[in-house]
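Mind having a look at this structure? Questions to follow.
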């Protein structure tokens, strides 16, 4: 079952290494069958090139129970589940340790919108999610990572559909989208924006975010009812 | 019609990703049939690898009316049209979000000529074009982007043939040339010069532009009546 | 003899260049047959693509005597031998001049743990090994390099299994693991962590190491008796 | 005639782009037939992939007269000739605009020896050659570039065999070697050393050159009568 979704999840995972986002096995992509309440995710620690559709893990969204796949799911699966439960409308999640975005995570800095490349994918600052406490780590590290991300968006009043990504302090980025491949594209965009922000801040340490009217224009020409980028 | 021009526009677009200038669909190349008054340009949001000659959009230079191609043209088409109308002698335009050049755009800094690599392609500083006002964005974002670029060259007394490129504030570079492939080469050169300028300014924060007599020599050995670089 | 080990040592050496860690012949991987007391290592100065199993050098761990292979072993062989003798449980060693890790070596700075990517591979700071004295260089440069590395771990109270790598001042990194391919993976991880640390320190010059409870969690979910990353 | 030399010059030129040193046509390699007094060099402005042995230009060392090849030689040919005439024992020259080395050229900084990677190829600082005066440019730009490089080594008391490369102010690096492929390898090494120096200086702005006894050891284990790196 879930043949099409598995196929897209597989394809997005296979693209992680050639996209330059991932070395070794530092990344995973999942997809959601919202109607069936099932998540498809990469198995843990398996090299991408040897992955086949049947190796993917299928997990019930409500219970977290694995219902298909003989391999253990990604250890980050509870983070993915928490995001799917809290962010209605997302259908794919991508987690990588891509170098420039992870550099911002490690440095403890959110990523403001410094240009139109950013605005095309993220409608404003990509927020920084706090680190977990020792108690949260002890209790349920991966699940609580998801809860902390959800808290970041709720307390900051940020729409996760308009800003489909986050940088977790000390860790790395998560992005999402309506599909697994869109989640991957947002990881590619986030990495490029982080790389360019590193250079832009070097040239101009006091750099301010891009003016609001250009942010609005670039985001809305690509997203929402009045969009006109791409094909109908 | 326009078979040769379409072929070159297609080839230049296909090279954007392997050249390292473009991720996802962040770039477009156009070409001009000056005699026929027609512009050929990439369709909007279509991946480069799946492009075929017939997918390209043909647009009348004077009216902006699409006369061929079933897909919507690049959303940046009005910018291209404005440049072809104002800069006689150019036959190709290339727009990318290449990382180092976009870094200068985002930081709000023009790119002075710091070495012979730059001088071989751009006869002096690659200028920074201002951002549009809210009114200009509202009225016609892409068309007014072109007008602002033209204004940058007119008011600055810069010859667009000698300096075939610009960095737009908050956005990214545009380059041009006598053909679509020459426009692409100028984007490759601009990216490399921006990357090297980032490092040169790190090593020497007070770096001055290269002396004029070397700029003159390098530019003129490659361009104009006394040039002797390359084959006859 | 040693067919499987030779095969893995060959594969790890061949991967050095495509992994982005090595240019020219600046790197070598070895493997240990602990039961037989034999080390297999790359021959000196031979391009990786032309290597075959029979070209590898086999050296006795105790005596340093070459017992197989017509080519001269890597000039760094005495360093490898010193590490195998002093660090029980390691089965592979990888030496490269990978650019970011070598940058830290040249700058004379150890690499603190700035994030979970680092914690997944190195349980704390990757230490800096001092330079050799003129007398040590004169007496036995490569052997004494190994002794200085061993001294770094002994005097610093560092467990070489938990922190499988070192940066040698003025020189470059060495990493190790239970197998040659794991040693290579640790070189890939070290390079990526050094690259991200360069950027993280630029964004935040006073960056502190990651909190201990997250270091513990990430390292222990991947290593040791309670680990749950990957497949059983 | 010169079949073997032409073949090696061709191969070295073809490797410039895949090696990451060159974009577009920004580089050229030559080789010397010292006995015959003939230099073989790339033609000007021709893409590397379309080069064939017969396209190469053959030029008399003494007269500078082209004696073979229908295409115009590289515009930098007079620089190459000046170096072959002044530096006995070199058999190949490589000129690129590789990004990190060119960054040092543009910033006007020589490249001190910050580590063993550098010492393996260059026995000390790679010097900076001054810019030409307006008169020198006017009289013979390319020939005088060669003379200025020769002057840099003579006045600085630098042995061009021990330090086979130079950075020209505002311009880019030249390297050489006993063969065209060794000249290329030295360009690869110089680029990597410049890249690592950029990072090392960022981590440690007051970085001193590597101690002399390690420079001596690393250089002499690879070069000269007592060398033991590589195969006999």
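The chains carry the letters A, B, C and D, assigned in the order they are written, with residues numbered from 1 in each.
Here, a residue touches a chain if its C-beta (ideal position, glycine included) is under 8 Å from a C-beta of that chain, and two chains touch if they have at least 3 such contacts.
This one's a predicted model, so the numbers in the text were calculated from it and none came from an experiment.
Number of steps on the shortest path from subunit A to subunit D, with steps defined by chain touch: 2. Common partners of subunit A and subunit C, by the touch rule above, are absent.
When each chain is reduced to the average of its Cα atoms, C sits farthest from subunit B.
The copies subunit B and subunit D differ by a rotation of 90 degrees on their C-alpha atoms, rounded to the nearest 5.
The distance from the centre of subunit A to the centre of subunit B, with each centre set as the mean of the Cα atoms, comes to 32 Å.
Separation between the centroids of subunit B and subunit C, computed from CA atoms only, is 46 Å. For subunit B, residues touching at least two other chains, in rising order: 202. Applying the touch criterion to all chain pairs gives A-B, A-C, B-D, C-D.
Partner subunit B is touched in their complex by these residues of subunit D: 23-24, 26, 43-46, 71-72, 75, 97, 99-100, 102-109, 131-134, 137-138, 141, 170-172, 198, 201-202.
On the side of subunit A, the complex with subunit B involves touching residues 114-117, 120, 185, 188-189, 192, 195-197, 199-200, 202-204, 207, 210-211, 213-214, 217, 221, 228-232.
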